[in-house]
Amino acid sequence: MSVLEVEHLRVEFGTENGPVIAVKDVSFTLEKGEILSLVGESGCGKSTVAMSIPRLLGDSHVTLGGSVHLNGVDLSAYSEKRMQEVRGKEISVVFQEPMTSLNPAYTVGNQISEVLLQHEGLSRRAALARAVELLELVGIPDAQRRTAAFPHELSGGMRQRVMIAIAVACNPLVLIADEPTTALDVTIQAGVLDIFRRLRDNLGTSIVLITHDLGVVADIADRVAIMYAGRIVEMASTAEIFAAPTHPYTRGLLGALPSRAIMQANGRRRLTDIPGLVPSPSTDPDQCQFAPRCASASIECTAARPTAEPVAVGHTVSCYHPAVGAML
Amino acid sequence: MLQRVITSIVTLFLASIVVFVGVRLLPGDPALVLAGETADPAVVAAIREQFGLNQPIWIQYFNYVGQALQGNFGVSTRDRIPVAEILLQRLPITLELAGLAILVGVLIGLTAGIVSAVKRGSFADYAANAFGLIGLSVPHFWLGMLAILFFAINLQVLPASGYVAFTEDPGENLRRMILPALVLGTGLSAVLMRQTRAALLGQLSADYVRTARSKGVSRSREVKHALRNSLTTVVTVLGLQLGALIGGAIITEQIFVIPGFGKLIIDAVSARNYPVLQGAVLVAVTGYVLVNLAVDIAYAYLNPRMRLAGGAR
Amino acid sequence: MSEQPVLEVSNLVKHFQSGSRLGGGRTVVRAVDGVDLTIGRGEILGLVGESGSGKSTVGSCIARLTQPTSGTIRLLGRDISTLSRREMRPLRSEVHVVFQDPYSSLNPRMTVGQIVTEPLRQHHRGGRAERNRIVSDMLERTGLSLELVGRYPHELSGGQRQRVALARALVLGPSLVIADEPVSALDVSVQASILNVILDLQVELGFSCLFITHDLSVVEFISDRIAVMYLGKIVETATRAELFRDPQHPYTQALLSAAPMADPSSARGRERIILSGDLPSPTEEISGCPFHARCPVAIDRCRTEVPRLLGVTSPEHQSACHLVTAENGAPHIKQGDKNLVHNAS
Amino acid sequence: MLRRTLNIGCIAAASLMLVSCASTPSASPSADEVVAGGIAVVALSDEPDTLDPTVANTFVARVVFTAFCEKLYDSNDSLELVPQLAASLPVTSADGLTVDIALREGILFNDGTPFNADAVKITLDRNLTLDTSSRKKELAALQSVEVVDENNIRLTLSRPFSPLGAQLADRAGAIMSPTALETLGLDFGTDPVCVGPFDFTDRVPGSEINFTKSDYYYDKDLVKLDGVTYKFITDPNIRAANLRSSDINVAERLNASDVDQLDADGVDVLDVSAIGYQGLTINTDPTMSSSPLASSVELRKAFELSIDRDALNTVVFAGQTTPDCVPLPKQMAFRPDDIQCTDFDSDAARALVEASGETLPIPVELLIPARPTDQKTAEVIQQMANDVGFDVTIKPVEFVSALDLGRAGDFDMFLIGWSGRMDPDGDMNDLLTTGGTNNYSQMADSEVDFLISEAASVTETDARQDLYGQALDRIDEIKPLIYLYHDTWFLGLADITGVEYSADAIPRFKTAELTK
Amino acid sequence: MSQKLITAKRKTVSSIPRPRWQRVVRRFARRPMAVTGLILVVGFVLFALLGPILLSDPNQQDFAAILQTPSLAHLLGTDDLGRDVFARIANGARVSLMAGVMSTALALIIGITIGLITGFYRGWVDVIVMRIVDVMLAFPFLIFAVGLAAILGASLTNVIIALAVSQVPEVIRIARGEAMAIREQEFVSGAVADGARDGTIMFRYIAPNAMGAFIVQATVAIPAAIIGEATLSFLGLGVQPPMSSWGIMLTSAQQYLAQAPYLALFPGIAIALTALGFNLLGDGLRDVLDPKETR
């Protein structure tokens, strides 16, 4: 049984300018000790997926559809009260912005202990002691002293480590990391990714890693889901995606990477770009949403929405014209 | 920090000049007022001399400041009572009024602000918003008139006016302070409510609240997180509102005949009682500056990021 | 480099004062601490560094958007480092800037047409018709539909905005364009199209470019030559191929090793170097090599003596490290005496 | 003669629908039970200035003085002199240059200091010599004070001056304790001691002044109250409201418009036609005022004709004032009997305006103190005058500044009153005489000057009355002032009886008693 | 994408700015409270403009009809001089709106100019101006306005000046803050890089982008100034009679609080409604113009 099963997730926001369907139909599973990466460009709905799993979207203008099962238990039936018991304990989250995601008015130790007090029923003293251990776990030197620090006294990398410490404090089944390294410098990023890897290896934590950076994906993910306009268009193991991308959008993304372009440097430097713009999220027409920007689009593509079909073992793609073989 | 103190002192120094010159720019000769209806020119001249009004203004100023720094604010031209004594007599009265008004303002404003931010879109939110808007739109003095009309004239449950010292009769003192404090506090609570609501709404949508939520804490804890960071705004607003409060106190004291600072200032203006006017306005200004200095210091406590050297606003 | 370089920067220093004059606790942020740069005609120099390295400050000093503390900046042979705002104004047709944030770099209250025309207006170029022709031409070259001319920035996508910024920067035909992280805020597919446009235009118009970025893959893709900055200093400079083939400075090596690679097999196969600690605070005065605190191979000399930027192995490949020697070449940080401090052990 | 004048005042007051004609002491209509002792709380309309009789100037201070500071003389219902600290009326020598005053014997100041001729001399000398003495001018004719014996003094005058007695019935005749004067000097007002039914306790600036019953007072058996507290409440509505709620026992100067309601609520209201007047002072110096009124007597007359004093009285004052066209109050003995007012006649006024040859409408800027009642009066006058061809613009200026402008002659017309004096000299001299300090109208008429100064030196009532009559006639011809009315003042009483409220509109509490 | 461009080739441009306001208006129209505010404000403006034309003379005294309660002949009754209260309130609306709008406009003009300059140049100019602003702010608004009005003397012009001057420091602070914030934005650096002059930068780049803040400040300041005018008039420092002002009406109503409470009621309601209108409008505009939401 998968640790996490997301089925037909749909998220709609009511806004002043009409509804925005951020996530249209997303299904995936996450196995124990697996790192699944949701990849896509801004506006594709990947963060919304991440936030809707622990139901953190919180606004009254949100409509959620589909179901989320955690270890076989349907969370969508849970009340807000029961969700509070799940959040931080079974499912926890690391956010993108380490600068703003910690409360500036409380000490680091305080903020770590809070989650322990909430779920583990520890005493204040025990929680603080555990906080020190957790800080050590995420590689913060001089952890004892750091518990008394306020967030503004720490660097971005340190803060992100504190965030991770909070997230893993109760040893969650699922850790959702929403662009956890985007705001960090590369040398710091490497260290933070390393922590995720070790959490997976040592504690068996299952991780949903949201990112736009294919470099990060290549580095750490076991499986990749490529998202476009609120849907997963291709899903495969990391090796497969890079070796044999099938969806034209996936191929476009990979072609746009300077680092890959350089590797094939032959004469004039040139990157593949994807013409056109991301479609408006307010509608959900019955067609391939990528068709208007797709070089291999046909009439078929605008007639009906392609469904996810397997092209290899563990490799599905939603496209009428999947490309075969490696990229040039 | 030190710089904040120095700026405050400079501000006070400049303010003292403004007060001094401003008072002297008022049309109408204070000596003439004192000389009364008959106003014998010789008497007028004698009075001028007695209060040093015949000297050049800068000499008057330096004499005044020199004396004031030693705690001597001169004597009231009207009754020859030392100004310092008068100020000390009046200050507690206005402080009581202001204190009660702040109490009313903070109790109503903070509660309403928190409730309306937390229960955004609910009936309570609309009610609190309506209260905030109306409180902001209604002039103090009119509210005072209505309060007198309703409570004192129609219902006759509260006295229309007058003041009884707390030391004399605490119960009566409070009974007489209820209406003025409510009237004065309403405006404050309206502003506080709106600012608290805005600040809290801003903080509630901050990333760290989402973090708290992701830890599985209850709604009330989330609010606590946000509230802690909203307090800086609330305290600042409270500091800045003090000016409005002093202004409001002038009118309120006038309407309810409370012998506080506001009434003292108005009376001193109409009597051209320079020493009292100067003293009272300066004390009001000093109070305002000191409170805002205190607010900046409170920042450090409420918001660990704040370094005082930067100076607020 | 026989012909005169477009830009020569020597010993550029920019210190920011922070804190108050009266309250004590006044600190100096050494954003740029002695930088030398040269950009030849038609050359793209990539300036790469992490946040806080001072790379953007170098850019804004060169464009004279910031007054440098000391040092000289020669634009086309003329020292512009001490010119007043007024004196600088006519020279602004020779150097222009493209900024990082496409949302804040365009005046929200002006239309695309107005924005691109603005430099022409300021420099009194041409009449109305002439300006419109130049603007149309420029928009076209940057790949913007002329229909967008009456639009406001908020009606455009991020990629379109960055094209507008590019058109504005190039409309006067400058000799030097300073591109300050122009693609960092964009999605990869959009980033690709912008990088393509910059390369195309550079070929067509022949301007020189200082391309500032933190992204190694971007800098590798676009630059002719690369300079690596760390804490206000340039630690290494070389041609693109040379730098990636033989990174000499330990910091460069760490940077290259940490950079994500969009290829799982090589990404996982390589040996990773994870630096300990964070960037030191820029307000601290650091003795010796700025990198010594994080450098796995640092020796005592690194703590006391500031290494100079020297072309030890070849004059074209300069690095500022005591450990680079003509005989042995660069040190290998994985073989340092110190054990690597793995942060989370 | 004297009786008749008083009757006029009485009828006038009675016709104004209300209560008692000033009676001494007032009889409370309710048969409430009297309570022993207690402190009467009195609401004054303003805060008194210093309680030093030598320098005090406000009317409200005069009210407060009656509690603790008796004078050589006092006035009765016809504003005639009666002895208070003096044993009898002053005796003036034939040439009018010496005045002998016999003093009460064996009485004490409120600090126990004996009251005697020395004490009187010290007070009078202080009034004459202190730099800031406001009494100096009132006593200008007094040359020296001589102690004849323990209980007699003799005043030497520089010229015959019949208003002297009236002055000694006011603050100039308030005798201060020499002991207190010695200790406090200039600061006497901060802890004043005189002879009086009550003794000063303390003063809370801006709020109240407290008095307790004096142990030393010669009439202390008559004093029933334990003390009096004077509170300062400027807003008449609030005075009325507090009276209703019995927060205070006495309120002076209530709004005419509140009287009915108060009466209905069971509050006793006494009224008295105040001795002061309200009028329109016209600047008669064309170099100072650009209004044609300055140079044209006819236009000034037209202006007066345009004013319906009775309508003004009804509209603004609910019919509670006494419309009049001379400065002297109706209850004053010296007031001539045959006053003929210029009555409202808009047609005649219009005819005069049109005959003036000026371009119409004729501009007049009316300076007023920025106070609600003055404002209202001005608006009514504006409408009346504009109706006949004037163009009145109202310029409200804060009171003190308005006085400044008035004094500087910087106005066309000035709505300003005079608080009135016991002696007609105080209502005319200096106000209408050439070069007078309060001669805002810039009037300079030698005939008027002569008549007024002559009247002051004559001692016989009939002769004085005649001279004042001539002066008023002459003034009416010139019209530097359009007199409008004498105020009626209302004194509200709640749970108190025995308050004296007589012709000078100053309530006295010597014999007052609280009721239940 | 580049293919599409070719069709537009050789066509030169003539800028046709798109109405950006359409969107703002649409967003605004969706807020019932804001629209209510606008209706109130427009209503009172029309009332002020048309009232005196349509209604009876506000200064016509009728001694036969004094202190009459509201009736068909006098919708809101008559005052102590028999004048029609409704007509006087209409007349007072002119004074109130004029005082509110003019003083705010004056304060904005002065404050924005000074604020932009100090915020843009900073340095010693800024230090001096801010010291002065600090001093001015140290005086409570009412004390400042009362003092100024007392010094200048009572008239509508002087009330406007007093209210304007007492608002200026706040406007300076806002304009300075905006200038300092916008100055740091990259498009301003871009303008410098274009070679734009300081004046151009201040008034073409900074000022238009701070407009939202200024508009919002105006809607906050106008109701405050309206209440300020009423307060000054109430204290006898306001406009001259027979011009009626809501504050003056309240002053005289105070005497008749017990007998004719409606005299105090209606002008007060007028003040409150006008201020409410501007406050609602301001809240609406703040929401609509908030940069966070327009993104």
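Chains here go by letter, A, B, C, D and E, matching the order in which they are written, and residues are numbered from 1 within each.
In this section, a contact is a pair of C-beta atoms (placed from the backbone, for glycine too) under 8 Å apart; a residue touches a chain by one contact, two chains touch by 3 or more.
Because the structure is predicted, anything quoted here is derived from the model rather than measured.
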Touch-network distance, chain C to chain D, counted in steps: 2
Pair with more cross-chain C-beta pairs in contact, given C-E and A-B: C-E
Chain centre separation in whole Å, for chain E relative to chain D (CA means): 48
Intercentroid distance (Cα basis), chain E paired with chain B, Å: 24
Where chain A and chain D are represented by their mean Cα positions, the distance between them in whole Å: 91
Overlap residues in chain D, where contacts from two or more other chains coincide: 235, 237, 241, 397-398, 401
Chain C: positions in contact with at least two other chains: 193
Residue list for chain B, restricted to those that touch at least two other chains: 26-27, 148, 153, 269
Touch list for chain B against partner chain E, complex: 7, 10-12, 14-15, 18, 22, 25-27, 133-134, 136-142, 145-146, 148-149, 153, 242-248, 250-251, 254, 265-266, 269, 281, 284-285, 288-289, 313
Interfacial residue positions of chain A with respect to chain C in the complex: 41-42, 137-139, 141, 155, 157-158, 185-191, 194-195, 198, 212-219, 238-239, 242, 252-263, 269-275, 277
Contact set on chain B toward chain A in their complex: 121, 206-208, 210-218, 221, 225, 228-229, 302-305
Residue ranges of chain D in contact with chain E within the complex: 235-237, 240-241, 255, 257-258, 261, 311, 314-316, 370-372, 375-376, 378-380, 382-383, 393-398, 401
Chain B contact footprint on chain E (complex, rising order): 131-132, 134-135, 137-143, 146-147, 150-151, 153, 173, 223, 227, 230-231, 234-235, 250, 253-254, 257-258, 261, 264-265, 268, 271-273, 275-276, 279-280, 283
